[in-house]
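Next up is a structure, given as structure tokens.
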Amino acid sequence: MSAAPILRVEDLHICVRGRPQAQILRGISFHVNAGETLGIVGESGCGKSMTSLAVMGLLPEGVEKTSGRVVFRGQDLAIDDNRAIRKIRARRIGMVFQEPMAALDPLYPVGKQVLEVIDEHLRLPRAEAWERVIDLLRRVDLPYPERLAWSYPGKLSGGQLQRVVIAMALACNPDVLIADEPTTALDVTVQAQIIRLIKALQRETGVAVVLITHNLGLVAHTADRIAVMYAGHKVEEAPTRDLFLTPRHPYTVGLLQASPNPDRNPGSDGRLLYEIAGTVPSITDPMPGCRFAPRCVSASAACRAAVPTMTGAGEHAVACFHPAQGVLA
Amino acid sequence: MRSVGLALRWVFGNWTVALGLLLMAGVILMALSAPLVFPRSPTAMVGPPLQWPGARPGLPLGTDAIGRDILAGIFHGARISLMVGFASVSVALVFGILVGALAGYYGGLVDNILMRTTELFQTIPQFMLAIVVIAVLGPSINNIIVSLAVVSWPPVARLVRGEFMVQRQKAYVQGCIVLGMRDPQIIFLQILPNAMSGVVVMSTIMIATAILMESALSFLGFGDPNVLTWGTMIGLGRNTMRDAWYIMAIPGFALLLTALALNLVGDGLNDLLNPRLRSQRGTR
Amino acid sequence: MTALLDIRDLHVTFRLGHGLIHPVRGVSLSVERGETLALVGESGCGKTTLARSVLGLQSIAGGQILFNGVDLAGLSRFQMRRFRPHIQCVFQDPFSSLNPRKRVEVLLREPLDVHGVGDRRERLRRVHEMMELVGLPTEWGKRFPHEFSGGQRQRIGIARALILRPDLLICDEPVSALDVSVQAQIINLLQTLKKDLNLSYLFISHDLLLVETFADRVAMMFKGEIVETGPARQVWQNPQHDFTRRMIDAIPVPDVTRPAPPAFRIDREPQ
């Protein structure tokens, strides 16, 4: 098996159409290898959703790519060319989004919708295709799949709908699954079921997973490696354990400290949670330096003057002039 | 300051809106200046009958079958049309908003009663109902305004009701109830400002419709016999349609331009007030 | 000492189509003065319906809602009015919880107008005082809600709810729609205000991990019933009811030194 990453994003720049100063992604690079799970973590405004849309060639109307490329299996993916990317989308790269009802048509039974994906990309005879639909629904742990295939989306619960969407995403045995906040709209117990499902399918098929979320707890226990994004930049990337035990970027540190953690929670005795002061800068803010500097406790003049680039030994890289040292308290 | 800029951009950004506003300005100017430019009643006989436009100096649009100045008729007719249009729509709006707001806010039995009433008015064809009201009240300008208002209010009520039903569920309304705000305040001061954009757009179209209906009523002879409106002028031109067709065509054209102007402005308002209706990105 | 809020055997039913649904089934819970009681449950468990009942937004089928000993359950809207300044709420959605057509200053002044507090100058003073308390510069009073971020809008919502100095604040998932770093800011703000203004909170959430960080007591709600109550830390460390245990088993803690949540493990039988 080749050691090259199956999907690689190189220096992707995306901005508001016609306004090159309003940059949504400011040079994002990451990669994911076959069989592994990459977690992309960030809060609103960091551009993580735009990243997944860009890879799929689904950038909305008012947004355009200015530079950078997406390489899939060694080939440059022309994400601007809708024709070319349609062959890859769903067939080789599957997607799951936050709202299952956004991906499903309320007027057609769910089985038909999974069938649609199969018909579009695999030339299978009707009977075989339908068998595959039932099989997929069974593999995503939906009960009575032969019957459920004829249900309309309105009759199913959020968790069941998300399973259908996963079935659609994996229908053609893709190499990569991009899941953008797949469980945010679900209850925590249903979330666990969905995560378990994705992990099981990954073990079965060897699919690479890109899990995009704001939930640090989620990636702590599902991702092999994590990339942290802030305001259009990638600020840190490391294997999961390293990121949580020895975070280097002040934003990562802040995020970890602000996340509820029973071992570190102040409890009700009046002490407060750790806060990151300030707010995310707007995309049109023309800061010359590090975009986290206004909120950073370690910021210096150097930070405000230039944007730090990713540096680091081995697998742990960070874009910071004053990375944190040592272990997280 | 921002709204001024927005307004200017709207006007000059769309040629259709600019055109609509220009035409409206023209009609309004005619209406306002009528008593100054043509101080004599438009029903006065000022010249030989059946003069073609331009045939005689001082009568740029000619005269009709008994020698009335057509241009004077257009100017004075503009006055009447605009007055009837705005007055009837204003009454319809007040009534329609009230009915719609109460129905949408309270729901239940109140909604049922109000909506059945609205439907009753809507099942009768608009124009027929207008004629019936005129027949009952008698043909005068005021009664025409009343009849047009009676006929125009149901769509307003429906629209406002729909908007209110949506807003009613929103958290800010719940918050106002929790604060202890009384219903009238919530309905008129909290929700109504948020429900108005659809109504504003609809009202421009309603004015156009009212003007056209008034003309139709006058054309058929149901109008005020003492007032010369565009519709009346068209009606009077019926007998000489073959040879002096300009007598019908000119007021008809005036109607066309006025209705067009209102529609263009209404369309532009729609784009301005509902920018979010433009398609959002899909997540597929 | 009577509890500030004492809900006894509350039942709420309503018609849906041709059937009757029973979202709140015999719930009893209390909020003591000065405490934060968190009500935790998954979607559809009835926690929001319960909150709405306490606020008088939802009619109830049976039971009592005692506020300082007075039963709010049967009161008409008119009778409820005098209690309004004492019980307020903060909503989940920062985008629909503020009237988009009103400036912030007006939004904060409205509660004072409705209850006739002070004169014009006094009201403006209180508005500015409240804005400062929640961390908003007073110059921003002339702006409209859409000019603010989600976290800032929640601050405005909190200010509006607290300007009448209520005794009880009901928070319905106030931070669920916010980023983690902003969540922490808002929770800290609520904690500080609670101390400074002598408040009690009924905090509704689906996030047990979050409420464990600051709540005094937790009540777990499942299918319309309260299944477990106790001090927050205890419920987390030593859950008694099956539902609580299942939930805790599924919560991923952002800590790699802990094992993965049992519900994530793919070697176990699916529930």
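Letters A, B and C mark the chains as written, and numbering starts fresh at 1 in each.
The criterion applied here is as follows: a residue touches a chain if its C-beta (ideal position, glycine included) is under 8 Å from a C-beta of that chain, and two chains touch if they have at least 3 such contacts.
Computed from a prediction, not measured in an experiment: that's the story for all the values here.
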Max contacts between which two chains?
-> A-C
Considering only mean CA positions as chain centres, point out the chain farthest from chain C.
-> B
Taking each chain's centre as the mean of its CA atoms, chain B sits from chain C at a distance in Å of 48
When the centre of a chain is set as the mean of its C-alpha atoms, what distance in Å lies between chain A and chain C?
-> 31
Distance from the CA centroid of chain A to that of chain B, rounded to the nearest Å?
-> 53
List, in ascending order, every residue of chain B touching at least 2 other chains.
-> none
Where in chain A do residues touch two or more other chains at once?
-> none
Which residues of chain A touch chain C in the complex?
-> 43-44, 141, 158, 187-189, 191-193, 195-196, 199-200, 203, 214-218, 220-222, 240-241, 244-245, 254-256, 258-263, 265-268, 270, 272-277, 279
Touching chain A in the complex, chain C uses residues 36, 42-43, 149-152, 179-185, 187-188, 191-192, 195, 206-210, 212-216, 232-233, 236-237, 246-247, 249-257, 260-261, 263-266, 270-271
Residue ranges of chain C in contact with chain B within the complex = 52, 55-57, 77, 80-81, 84-85, 87-89, 91-93, 96-101, 110-111, 114-115, 157, 160-161, 164
Contact residues on chain B for chain C in the complex?
-> 170-172, 174-181, 185, 190, 193-194
